[in-house]
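Written below as structure tokens is the structure these notes are about.
Letters A, B and C name the chains as they come in the text, with residue numbers starting at 1 for each one.
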Amino acid sequence: MAAILDASQVTMDFGGLRAVNNADVHIDQGEIVALIGPNGAGKTTFFNVITGVYKPTTGDVRITAPGKETESITGLKPNKITEKGLARTFQNIRLFQNMTVLENVMIGRHCRMKAGIAGAVFRDRKTREEEEQVVADSYAILKKIGLETFVNELAKNLPYGAQRRLEIARAMATEPFLLLLDEPAAGMNPHETRELDEMILKIRATEKISILLIEHDMSLVMSISDRIYVMDYGLLIAEGQPKEVRANPAVIKAYLGEEFNA
Amino acid sequence: MVTLKQIRNSVLIALWMMILTFPIMVIKVNTIENIVIWRWMNLLYIGVGTVILSIFWFFLINRRKLEPEERKRSFALKGKIETLKGVLAKPVVQKPLYAALLVIIIIFPFVSSLYQTGIMITALMYVILGLGLNIVVGLGGLLHLGYAAFYAVGAYTYALLHRYLGLSFWVCLPIGALSAMLLGILVGLPVLRLRGDYLAIVTLAFGEIVRILLENLSQYTGGPAGISGIPRPSFFGIKMSLSTAMNYTYFLTFALVLFTIFVVRRLEHSRLGRSWVAMREDEVASEAMGIDITRAKLSSFALGALWAGLAGVFFSAKTTFVNPASFTLWESVIILCVVVLGGIGSIKGVVLGAIVIILLPEYLRAFSQYRMLFFGLILVMMMIFRPGGFIPAKRRVYTFDKAQLEESD
Amino acid sequence: MDLDYFFQLFLGGMTRGSIYALIALGYTMVYGIIKLINFAHGEIYMIGAFTALIIVGALGMTGLNPVLIFLIAGVIAVLTSAGYGVTIERIAYKPLRNAPRLSALISAIGMSLFLQNYVLLAQTSNFLPFPTLIPEFKFLANAGGIISSTQIIILATTALVMVVLTLLIKFTRIGKAMRATSQDRQMAQLVGIGINKVIAFTFVIGSFTAALGGVLICSHIGQINFYIGFIAGIKAFVAAVLGGIGSIPGAVLGSFVLGLTESFGTGYISSDYEDVFAFLFLVLILTIRPSGILGREKKAKV
């Protein structure tokens, strides 16, 4: 079976800076894959390229949604890519601050809804039913993520950890087959991180969603990933199972700098 | 509540202001007749005025710093207002209240003078304009400084179609609205990809272009003098006296207000409305959540224009005369102020905003000279001390009954 | 084509452009640093012009040398306006530094309205003539009316201001602090730059140049009223956006482009549409280059 995500030779330049350099990444159905690397390595930029925020300077990103043909998503607009089944969270939380928690998730359902202007104004039966369904679905998702107590709270009033989880809930509402999480544990305490760990595994198990994860918390990465890519200065310097990567001298060097060898 | 240091600062500020405003406040020259008048008393006024204003300012600043809880305690009156709000929010109270309001609105034109009715129609028109612009600015977060242009399109559509083709109000109403919307789409397509401030200046430019064209295409539009003799709305061709016609216009405008509120409320909590708000909150995130930004922008821009067009046709019909001077940048700015002062994104707020902004200056005629001055000052102070407007927007609260809660388990 | 006429239009455009540039500098610098369209900026220009007129009027009786009067009036006007600039920043913008952009913009609009009416009430709504104080240079006698001495002064002053400003921003401490602040305010704060001082200084410089423009223009056009700041402000803002807002060379370039477009547009096509040319040009440029002529399209970091 083809990989659900296949990014080949992706390069992204910002002026003179090559943020991502010829990266090849693929993800198979049901995998949890981590992308790690020191600060400024280009991980987020790689996410941005895959999700259509930036158009890659060169390279191609192809996806194979379950039960669909392989297709290229290079250069598509972000909303199109989301429609095709990729959803993401942001490293710097980007919730809709002045909307409620429930509404944030309802926005995630947007691309799976149909109502237009006429529906909104006349509120015909189909639209009403769709609205009700969306509210119910969104509530169900919040419940899964454990945020149901906050339903009507404004997103900006949530505690930090809950905001991170809301980002995941919102992304899941788009019905993705691949979820891209950008440092989901950043700013969480160890307890919250452990819960997150379980949550990610549960998402994969129950929703059949594959996951690509950027994370600095190594214990989280090592415990849940099937495979790890290591990026440094835009280049992928290693790839493999957690124990292989942990033992890889190039990785250790990238993380600890030159003096480690001395 | 105001510290001694702040009072001392107020005096220093006053001194600074006295120096700063000296040339403009004290000396008055008339270079035509070569007269110079020295108004020393003004210096005193500025000094005293500044001390009072700045103490008041410090008072507000101190209050803003207090936590909301403390603020409530520090202010017995405020507490009472809160309780009053609580009581007013109850449906048992609200229904009769709205009914009473409706009765007042219905009786109003019969007990007031023609002039008063005219002002009220104007206020209602600004409610419509405010609600329309609210779609663009309040919900969509697009900074639109050329709204008056679409208002003008509506107004001139009726004026011109009547003048050249003799079309009636009722025929022109949809045409005016649609042409404003069409123009909105045409303009929106190229400019909506611009970032916030660029969008502001381009919409401003566009507004000015429309106004100048109206002024200069005088062979069609009558130039600066405009077009007069536009008929008021007709009612199955029945001849009406002036006061009946005014009352009729009043009720029509009120009906349009109700219709607008109805539509905007529905839009607000629909799939489309949510996408506007999401776009306002964070464009990148909303795109990543599958919202087509171009579509969201264009639809809010076009719908905003549609309402401006509607209001424009009503404007022509009410004043029976249009000229470009009614559609200056200041017009756009005033409509924007209606939205912002009332409460961005809040329907009740916008309604209140329109009424305050239009009626207050009318009834403060005695101060008419100073009204624009105060208007400016109030804008500044509102932004600093009550940025959410008179009635800040609230998000909808969804309730879940027991059955639903269990079902989703 | 009549060459004289062409030159006349060209120089007229350059003069216009100079005034726009002097105002646009303030817009662009303020925008660069606090990302605010300072709507009240045009009013500073107007206040500069008015103050100059008032001082000229008051000194007119004294029988001083006209050129000296003009200089004194200019200095006082420019200093007063700089005072207005910082005061406005303190009152209307500083409390809103962390508020949504729209709030600050509305506050600026309020300020603009306030200042216009302040001058209107304290002075008059009529146009006041500005006495001719600058004598015609002798050597212009056979230039055939292509250019006036005031125009020469305007062009020269603008050039001088540009040079000084460039040096100031490139080489002085405060100039470097300004550049740092406009790049990344938080970071600048972290490395110990006094943001308040930098912002205040920006307003001083911006108001200073705008008022200079005001003083120069009223001696060129010869009459002013309380409303002149509005349209000039808008045009200058258009110029700043045209060039790429936040960029100082952009503002200057945009101003000259705008001045010339208007001058040639009115000269060769029709004077009724003076403002339309400016605005149409703006829409056109921004449609092709969404960040202005010299503005660099930045990919927002996500």
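We adopt the following convention: a contact is a pair of C-beta atoms (placed from the backbone, for glycine too) under 8 Å apart; a residue touches a chain by one contact, two chains touch by 3 or more.
It should be emphasised that the depicted structure is a prediction, and the values quoted were computed from it without experimental measurement.
Enquirer: Between chain pairs A-C and A-B, which one is joined by a greater number of C-beta pairs in contact?
Expert: A-B
Enquirer: Report the chain closest to the protein's overall CA mean, measuring from each chain's own CA mean.
Expert: Centre-most chain by C-alpha means: B.
Enquirer: Distance between chain B and chain C based on Cα centroids, please, to the nearest Å.
Expert: 30
Enquirer: Return the distance between the CA-based centres of chain A and chain C, expressed in whole Å.
Expert: About 48 Å, centre to centre.
Enquirer: Let me have the rounded angstrom distance from the C-alpha centre of chain A over to the C-alpha centre of chain B, please.
Expert: Using C-alpha averages as centres, the distance is 41 Å.
Enquirer: Would you please write down the residue numbers of chain A that are in contact with two or more other chains?
Expert: As it turns out, chain A has residues touching two or more other chains at 53, 90, 94.
Enquirer: I need the residues of chain C touching at least two other chains; which ones are they?
Expert: Only 302 qualify.
Enquirer: Residue numbers in chain B touching 2 or more other chains?
Expert: Correct list: 284.
Enquirer: Residues of chain C touching chain A in their complex?
Expert: Touch residues, chain C against chain A: 299, 302.
Enquirer: What residues on chain B touch chain A, complex-wise?
Expert: Residues of chain B touching chain A: 263, 266-267, 270-275, 277-278, 281-282, 284-293, 299, 303, 395-398, 400, 404, 407-409.
Enquirer: Considering the complex alone, what residue numbers of chain C touch chain B?
Expert: 31, 35, 37, 47, 50-51, 53-58, 60-61, 76, 80, 83-84, 87, 91-92, 95-96, 99-107, 109-119, 121-124, 128-131, 234, 237-238, 241, 245, 272-273, 275-276, 278-280, 282-283, 286-287, 290-291, 300, 302
Enquirer: Under the touch definition given earlier, write down the residues of chain A that touch chain B in their complex.
Expert: For chain A paired with chain B, touching residues are 51, 53, 77-79, 82-83, 87-88, 90, 94-100, 102-103, 106-108, 110-111, 113, 115-117, 119-121, 123, 127, 130-131, 134-136, 139-140, 143, 151-152, 154, 170-171, 174.
Enquirer: Using the touch definition from the top, list the residues of chain B that touch chain C in their complex.
Expert: Touching chain C: residues 16-17, 19-21, 23-25, 27-32, 34, 36, 42, 61, 137, 143, 190-191, 193-198, 200-202, 204-206, 208-209, 212-213, 215-216, 284, 329, 333, 336-337, 340, 344, 369-370, 372-373, 375-380, 382-384, 387 of chain B.
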